[in-house]
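See the structures that follow.
Look at the two complexes coming up: chain A is in both, with chain B in one and chain C in the other.
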Partner chain A sequence: MNRLMKKNRLVKILISAAVVLTSLYLLQRLLMPKYVSDIVEGALIAEYYEEEKDHDVIFIGDCEVYENFSPAVLWEEYGINSYIRGSAQQLIWQSYYLLEDTLRYETPEVVIFNVLALQYNEPQREAYNRMTLEGMEWSMAKVHAIQASLTEKEHFLDYVFPILRYHSRWSELTGEDVEYMFQTKPVSHNGYYMRVDVKPAQNVPEGKILPDYRFGDTAWEYMERITKLCRDKGIRLILVKAPSLYPYWYEEWEEQIEAYAKKEDLLYLNFLELQEETGIDFRTDTYDGGLHLNLSGAEKITRWLGNVLVQEAGLLDRRGEEPLTTLWEEKLAAYEAEKQDQYKALEAEQAADP
Partner chain B sequence: MLFTSYTFLGFLAVLFLLYYLIPGKFQWKLLLVFSCLFYYAAGPFCLVYILAATVTVYFAACRIGTISEEQSAYIKAHKTELSREEKKSYKQKMKSRCWKWLLACLLLNLGILAVVKYTNFAIYNVNSLLTALGNDRRFGFWDIALPMGISFYTFQSLGYLIDVYRGVVPAERNFFKLALFVSFFPQLVQGPISRFGDLSASLFAEHKFDSRTVSFGLERILWGFFKKLVIADRILTGVNAIIGEPENYGGAYVFVGMMFYALELYADFTGGIDITIGVAQVLGVTVKENFQRPYFSKSIKEYWRRWHITMGTWFTDYIFYPISVCKPMLKFSRSARERFGEALGKRMPVYLSSFAVWLATGIWHGASWNFIVWGLGNWVVIMISQELEPLYERFHGRFAVKDRFWFRLFQVVRTVLLMSALRTFDCYRDVPLTFRMFGTLFTAGNWQILWDGSLLQLGLGSLDYGILAAGLCLLVTVSLIQRKGSVREKIAARPYPVRFVLWYGLFLAVLLTGAYGVGYDASQFIYNQF
Partner chain C sequence: MKRLMMMLTITGLLFTAGCGNSEKTIQAASNPASGEEQEEAGDSDESGETPAAQTEKGYLFESEGVKISVDADVKPVIDRLGEADSYFEAASCAFEGLDKTYTYAGFRIETYPEKDKDLTACIILTDDSVSTPEGVCIGNSVEELKEAYGEASSEEPGMLVYEKEGMKLCFIVDGDEISSIEYRSSVLEAE
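== the complex of A and B ==
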């Protein structure tokens, strides 16, 4: 009898635990933002894990990488297999830990880092932290990235159990939250966020006067860690400053980066100064007045960058290599399809509001 | 360490595991270590104050205990030799020695409390007085941080000392046990103010893991979280909006603010006490109840017997009674009876003692005139209702409505409204503003805000109101069931699936509708500041 009671009790505990854990898991999946049709930038980081991991080039950085470079062009024109691990307002320590995370799966020949991230020396906003960190798969890199990024009101546990963060999102749920509860749809093309619309750059504001133009100690510390990590792994690190007109890129910042690149013997490409060579025209190549490039602009600078990668880093043309070529055929088809969809939507929009 | 923080839950989980893993004789020592850690987390400087209170009370109580023992031993040894007069004189002498120790310790600890809590209030008043007298001299304010829960542990430890003096409890000779009694962490934040006689037995006892006790404790904690996170912290936004901009929110908004604050304070304070009692219960320690459905009271007097019970009884036992029976008061009583007649003369010492109690209650709640006026406001209402007692009796003799439901409901609503009106002094920054805002209730004429959607502009959306309404319904339902016994006992008697659905449902309600995390400001418990 006693044994039977114990058995019954154990069964009750197991069933209860199963109900609790399953329901909490389902609730968490339901309540977490899906980033499918709104603020798709939040979905970029997680998409990497669905990829084959045999890239020649990995981009890391903020919106200046995921909106300004197109891996599809690098493949189509140079046979270079690349991926962008970019996210909105990606802080430099997040870039470092994303690189560490990437190196768990593959060792690319080249890492391209956008230097604008050096402007931040401290955690900034929780919303951007979430968009970068939540998509990372669990590893020590993610743990360290969270610890380095927490703003004052954030707590590590909220990342371990995101339901604690999104517990009150039930009032904003839509059909998409149910539809993409377990499987989300791709929103990028190897990390590239495509936009075909045009909004010419006009009246770009001058940079505000800063109290101190020196990059912070933490920012430099992680810059050095990125350099060392690449060097230890035999990866060629290339520093870039994307051609975005805003946020303002100060001369004093440029000098610091140039000095660092020289000291570390790194290739540094400032696309703001390469407008003639790349052919960027801010009347047609930006979709938001100069902050980010549109498809046309991204394809132009990627084309120019591809040439540099071949010339400077000696990357080989892998077109014809299987199964990579077949994979890229599918990707390019999706890339073209979205391009056409966006142009059609844009035409329809312009027809409706000429 | 907020009760509703992850840190506290982690702290509790570690303590819980260790507590039931170590031998029973070490359990109270572990509690002492964790209580010190809890207090240390509030600021290392806090430990100095609580240590000073513990050390002084310990030595004074031991001295009083020793003197009492010496007295008993001496009288026993000289039982036959001493005359009645000699015995009396000897006892008097010993009592006087005990009194000196008691008085010294009381003055020292109340002095510390007064300095850390009321110095700046005194400076503010002196400066105001100097201004009124046209003097330009000003005293600077002191930069003193208020140690967490100082009012609670000071009163608790002094209560123990007075009990030792009165011979109610023996002096605790183990310093560390007394230290645990003073610093027991669940009640450090906001009470209850326990008595040594009530708490010590279960606090120092060995406890074996008992799943029923532990689950009852956890259920009580969960209920406290519900009150605090779902109700108090959600409605806080509305309260802050109204009292933060008095120039924009007068008239009917003051009424809404009164009602919101009544609900917030109840959910916050009783929720905190639920967590306190629940945590203690999980550890096998019995802490006295501090509330007994106060909003069901039919008068203010009854309300104060049911709200913050341990504070009320503390003031009654250690202030009201001693003042009522002290020699000057007895003398005053005699002269009042002679001058104003038997009936009024008999009541006057009671009123005077009550005045002292309510003044002390007001001052205890905070260093501002708002609290003093609030305390005296309570006194005035209680005295008036006591004076009107004969009128009430005549009314009830003529109309048999006393036991009618609607009349009892009227009394309950009246009490809630009166208490809420008095509490407006808690809310606004000073007394004149409080009176002014209270006055706008009758002059603004903006009662349409109750239905024209204006209440949706207070930072609370319709969903918030929905959650608050549902939470309030649950609070009332639980209170109604409680009148017939423990709700947890009733739930425990139900089949397992029903119990599981109820408690897991409550957990999900806290998880999904609680006002916590990013986007919500973690709010400290209101009574923590006292």
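== the complex of A and C ==
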């Protein structure tokens, strides 16, 4: 009798614990930002895990990769299967751990890293950290990425249990929080964030004078770790500086990157210096005055990059290979559909406000 | 059942313990400036204006009789200074609102969005045609700087920093000579 009572008590405790934990989990799912309509950049990192992981090229870096290169063009014109693991203000240690994370699933032929991130030597802002780190699946790479990224006011546990951070979002909940509680809709095309509108670059300010132009020790440490990791895995690392006119890219920074690329025997492409070759025209190829390229600009520089990947890295044309080709047919259809939707919306906007 | 209800209640209490207002959430921080640091500066008043947007703060720059403070609403300043020689705006990555740059002869003002206002992020002196109200300009020596301002609050490689009321006045030096002067908000520093 006594044993039966003990058993019943244990069952009750277990049921109670399960109810509490399930409630907390559901609350957490409800309260976490979904990044579907606003600030869609927050959804980019997580989207990768839904992919077939058989990429020839992986891009890592900040907005200068996910807004400036189009994997659809690499496939359509060169048969190169690529993915952008980019996120807003992705810091270089985050790029490193995202690369580690990616290598848990696949080993690409080429990794392309955008060097602007070297300007930061310390964690910057929680909001940007969250957009990169929360989307990562749990692994030691994520643990280390969080540890390296925490600002003074952040706590590791808040990333383990995001409900601790988002519990006060209850008053901001919308229908989308319920609709996308467990499954969100895609916001990118293999990590590329599409924009078709045009805002010409003008009056871009010169860079302000800096007290010290040297990249910091931490930034260099992770640059070296990215290089070593790629080398150890037999991956060709290519450094790029996207053609964004702002934030300002200093000559002193350029010299350091050129010297590093030479020392490590890495290919470095500074698209700021390749405007003639790529055909970029900042009167028509940017949607925000020179910070990021629009679709037209992204397709131009990607087309040029594709040729380099074939010539320099020897990447093969995989068009015709199944199931990849079928998969890309679907992807290109979605890409084309969004392109048309955006052009229509833009035309409607222009018609309403000529 | 009673025990389950009690556990749920306790969990709920723990869950809401220390609960701040909803503005602390990341989603609500729809621009990089709306973080806890701003909240620590004080709560919004009934008009919705932050104290930072209403008052002058720390060291001020002055041009043609117009006092310019970091973290203050830039609109009345621009209205009084007149149209800038050059204007540039840039959307912050992944955030709503625009960072704006107004360039005038000898200096430029950069802003950050805060609710429906643009607050001054920094004022950068760009040549020796203007000076600080304390009489220091680009090209002055470090000795002249210290005569005017005293010892710096802190020194970094290539820069002397004077902190006052939560803002920073930074003198960037090249050797013994001042090469740039910046009035900086601390709000935008690492959160």
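By definition in this document, the second predicted complex is superposed on the first by the 354 of 354 C-alpha atoms of A that agree within 3 Å, B and C clash if a C-alpha of one lies under 4 Å from a C-alpha of the other, contacts with A are read in each partner's own complex, and residues count from 1 in each chain.
Methods note: a contact is a pair of C-beta atoms (placed from the backbone, for glycine too) under 8 Å apart; a residue touches a chain by one contact, two chains touch by 3 or more.
Bear in mind the structure is a predicted one, so any value in this text is a computation, not a measurement.
K.L.:
In the overlay, answer first, second, both or neither for which of chain B and chain C A:Tyr192 touches.
P.N.:
Neither partner.
K.L.:
Touching A:Tyr48, do we find chain B (first), chain C (second), both, or neither?
P.N.:
So A:Tyr48 meets neither chain B nor chain C here.
K.L.:
Could you say whether A:Tyr222 touches chain B, chain C, both of them, or neither, answering first, second, both or neither?
P.N.:
Touch partners of A:Tyr222: none, neither chain B nor chain C.
K.L.:
I'd like to know which partner A:Ala88 touches here: chain B for first, chain C for second, both or neither.
P.N.:
It touches chain C, and chain B stays clear.
K.L.:
Tell me which partner touches more residues of chain A in the superposed arrangement, chain B or chain C.
P.N.:
C
K.L.:
Is A:Asp158 contacted by the first partner chain B, the second partner chain C, both or neither?
P.N.:
After superposing on A, A:Asp158 lies in contact with chain B but is clear of chain C.
K.L.:
Who does A:Val20 touch here: chain B (first), chain C (second), both, or neither?
P.N.:
Touch partners of A:Val20: chain B and chain C.
K.L.:
Looking at A:Ser168 after the superposition, I want to know if it touches chain B, chain C, both of them or none. Which is it: first, second, both, neither?
P.N.:
both
K.L.:
Contacts for A:Glu126 in the overlay, against chain B (first) and chain C (second): which applies, first, second, both or neither?
P.N.:
In the superposed model, A:Glu126 contacts both chain B and chain C.
K.L.:
With both complexes superposed on chain A, which partner does A:Lys12 reach: first (chain B), second (chain C), both or neither?
P.N.:
Both: A:Lys12 reaches chain B and chain C.
K.L.:
Does any part of chain A touch chain B in one structure and chain C in the other, and if so which residues?
P.N.:
12, 16, 19-20, 23, 27, 126, 153, 163, 165, 167-168, 170-171
K.L.:
So in the complex, the part of chain B that touches chain A is made up of which residues?
P.N.:
6, 463, 496, 500, 504, 508, 511-519
K.L.:
Show me the residue ranges of chain A that touch chain B in the complex, using the header's touch definition.
P.N.:
Going by the criterion above, the answer is residues 12, 16, 19-20, 23, 27, 126, 153-155, 157-158, 163-165, 167-168, 170-171.
K.L.:
Along chain C, where are the residues that touch chain A in the complex?
P.N.:
3-4, 7-8, 11, 15-16, 19-22, 24-30, 32, 35-36, 86-91, 93-96, 101, 103, 108, 124, 156-159, 170, 172-173, 179-180, 182, 190-191
K.L.:
Taking the touch rule as given, give the residues of chain A at its contact with chain C in the complex, in rising order.
P.N.:
Listed in rising order, the residues of chain A that touch chain C are 12, 15-17, 19-20, 23-24, 27, 33, 38-39, 41-42, 62-63, 88-89, 122-128, 130-131, 151-153, 163, 165-172, 202-205, 208-212, 246, 288-289, 291.
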